[in-house]
Amino acid sequence: MIKPLGDRVVIEALAKEEMTKSGIVLPDTVKEKPQEGKIVAVGTGKTLENGQKVALDVNVGDKIIFSKYAGTEVKVEGKEYLIISERDILAII
Amino acid sequence: MIKPLGDRVVIEALAKEEMTKSGIVLPDTVKEKPQEGKIVAVGTGKTLENGQKVALDVNVGDKIIFSKYAGTEVKVEGKEYLIISERDILAII
Amino acid sequence: MIKPLGDRVVIEALAKEEMTKSGIVLPDTVKEKPQEGKIVAVGTGKTLENGQKVALDVNVGDKIIFSKYAGTEVKVEGKEYLIISERDILAII
Amino acid sequence: MIKPLGDRVVIEALAKEEMTKSGIVLPDTVKEKPQEGKIVAVGTGKTLENGQKVALDVNVGDKIIFSKYAGTEVKVEGKEYLIISERDILAII
Amino acid sequence: MIKPLGDRVVIEALAKEEMTKSGIVLPDTVKEKPQEGKIVAVGTGKTLENGQKVALDVNVGDKIIFSKYAGTEVKVEGKEYLIISERDILAII
Amino acid sequence: MIKPLGDRVVIEALAKEEMTKSGIVLPDTVKEKPQEGKIVAVGTGKTLENGQKVALDVNVGDKIIFSKYAGTEVKVEGKEYLIISERDILAII
Amino acid sequence: MIKPLGDRVVIEALAKEEMTKSGIVLPDTVKEKPQEGKIVAVGTGKTLENGQKVALDVNVGDKIIFSKYAGTEVKVEGKEYLIISERDILAII
C-alpha cells in the first residue's frame, strides 16, 4: 500500500462525463484536467513549529475538489494516482 | 453539500446590473468580473502555528466583497461556485 | 454599512486641489492619484500566530496618508471607496 | 501634526552642500538623492507576533542616515517629508 | 559511510523497466528520470524554531516516491546516490 | 560618532595590496571590491520575535570578511564607511 | 585563525582526481567544481527565534559533501577557503 508523508494525501482522479453545450461528448485529449478525486490514503499530519503534529481534516473515502495542476502524478503497480498536499484541497463534496 | 477546508469559503457570485454612463446595458462578455458574492459554506477555520484553530469572521449568508481574480471556480451539481480563502475577503456589505 | 475584515480599513479618498507651479488647475485625468483619505470603517483587527487579536491603531474619522496604489477600489451603493490594509497606512495627519 | 504608524518615522531630508572634487557646486538636478535626515515624528512601535509592542530605537530630533530610495515622499501643509520604516534607518549620526 | 545532515536522506535510485505501450523497451537516454528509490541513510532530524529536534518519518530500507528533480546527485566511492530533503519525499510504497 | 541601528555594524574597508600573478600592482579602478574591513561601531542588537534583544557576535576593532556587494556605502565627515548587517559578516580574521 | 560567524563553517576544498570514462585526466579548467571539502573551522551556532543558540552538527576535521555553488570563496594569508552555511552541507562522508 502507498503511504503519503506529512500533510499529503493520495488521490484517485474521478472521470467526469464531459459534454459541450451542443451535446457532443469530448474525446480524452480535449477534456479539462479533472479537479475531483477520491482520497485513497492520508498522511500522518503536518508538524507545526512547536513540534505538535496536526491530523488531516480529510479521510480515506472523501470525495474532494482540488486545485487544478496541484500535486504530482505517480504510477504505483500500474495504476495512476495524484499525491497532493492537504492545503491544495479546496473542499469535500 | 460542499464543505470548504481550512479558512476557505464557498461563494455564489452576485450578478450586477452593469450599465455604462450613457445608459447601455452591457452584454455578458464585456462585463467586469463580479467582486460581490454570498457565502454559502464556510470552512472550520485556520490552524495557527501553536495548533489553535481560529474560526472564520464570516458566516453563511453574508454578502461580501472579495479581491478580483481571487479563488478557484468550481462546478458542483451543475452550479458554479467560487472557493476563496478568507484572507481574500475584503469586507462584509 | 460596509464592514472590512481583519486589519483592513475602508477609506474615502480626499480630493486635493491640485495646481501646477504656474497656477493652472489640472483637469482630473492629469492629477496624481490621491494619497490622502478619511477612514469610514475599520476591521476588528489582525490575528497573531498566538491567536491574539490586535486592534487597529486607527479609528473612524482619522485623516490618513496611505501608500500610492495600495488597496482595492470598490463601489458600494454608488459610492467609491478604497479598502486597504492597515500596514499600507503611513501616517495619521 | 503628522503621526506615523507602527515602526515608521517621519523625516525631514537634510540638504547637503554637494561639491565635486574640482570645486564646482552642483545644481539641484545633478545632486544625488540625500541619505541624511532629521526625525520629526516617530511611530508607537512594531507589534511582534506575541502581541508585544516594541518602541523604536530612534527619537525625534535624531539625525540619521537611511537607505537610498527607501520610504515614501509625502507633502503635508506644503512641506515635503519622507516616511520610512525604522528598518531602513542605517545609523544615527 | 555517508551520513546526511538535518532532515536529509540518502537514496539509491531504483531502476524501472520502462516500456512503451507498443511494447518497446526504451534505451537509457529516453527514459524518464526515476522517482522511486530506496533509503540508505537518514539524517538526525530537523531542528524546529523552539530548539526541538524532530526525527524523520522514514527509515533506512524504506522504498519511497520522491519529487522529480528534487535533491542533489552525489558520487561516493564510485557509487551514485541522491541526497534529498524529507519534505521532497511524497510517499512510502 | 556614528551609531548603527539594530544588528548593523559600521566598517572601515581595508585596502589590499593587489598584485597580479605576473607581479604588476593594479591601479585602483581594476582592483576587486575589498571584502575585508575593521569594525568601528556596532549596533545594540537584533530584536527577536519574542521581544528579546540579541547582542552582536562581533566587537569594535574586529577584522572581518564580509559578503561582496553587501551593505551601503556612506560618507560621514568626509570619511567613507560601509554599513552592513551582521548576517553579511562571514568570519572574523 | 579565521572564525566563521553563526551557522557558518570554513572549508578547504578537496581536490578530486577527475578522469573521463575513456581514461583521460582532465586539466583544471575542464574539471567540475569540487563538492567535497574538509572543515577547518566552525561557527558558534545559529540563534533561534526564541533566543536559544544551536550548536552545529559538524566538527573541525569532518569531510563533507556540500551543495555545488554554495558559499563564498575567500583568501586568507594566501590560502583559499570556502565559507558556507551549515544548511548547505548535504552529508558527512
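Which chain is which? They are A, B, C, D, E, F and G, in the order written, and residues in each are numbered from 1.
In this text, a contact is a pair of C-beta atoms (placed from the backbone, for glycine too) under 8 Å apart; a residue touches a chain by one contact, two chains touch by 3 or more.
A quick map from chain label to UniProt name: A, B, C, D, E, F, G = Co-chaperonin GroES.
Only a predicted model underlies this, so the values are computations on that prediction, with no experimental measurement involved.
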| item | value |
| --- | --- |
| Steps needed, at fewest, to go from chain C (Co-chaperonin GroES) to chain E (Co-chaperonin GroES) via touching chains | 3 |
| Both-way neighbours, i.e. chains that touch chain G (Co-chaperonin GroES) and touch chain E (Co-chaperonin GroES) | none |
| Fitted rotation between chain C (Co-chaperonin GroES) and its twin chain F (Co-chaperonin GroES) in degrees, CA, nearest 5 | 105 |
| Where chain B (Co-chaperonin GroES) and chain F (Co-chaperonin GroES) are represented by their mean Cα positions, the distance between them in whole Å | 51 |
| Distance between chain centroids, defined by C-alpha means - chain F (Co-chaperonin GroES), chain G (Co-chaperonin GroES) (Å) | 23 |
| Whole-Å gap between the CA centroids of chain A (Co-chaperonin GroES) and chain C (Co-chaperonin GroES) | 41 |
| Residue list for chain E (Co-chaperonin GroES), restricted to those that touch at least two other chains | 49-50 |
| Ordered ring members, chain B (Co-chaperonin GroES) first, chain C (Co-chaperonin GroES) second | B, C, D, F, G, E, A |
| Residues on chain B (Co-chaperonin GroES) engaged by chain A (Co-chaperonin GroES) in the complex (per definition of touch) | 2-6, 8, 10, 41, 44, 47, 49-51, 72, 74, 76, 83 |
| Touch list for chain F (Co-chaperonin GroES) against partner chain G (Co-chaperonin GroES), complex | 35, 48-50, 52, 54, 57-58, 65, 67-68, 86-87, 89-93 |
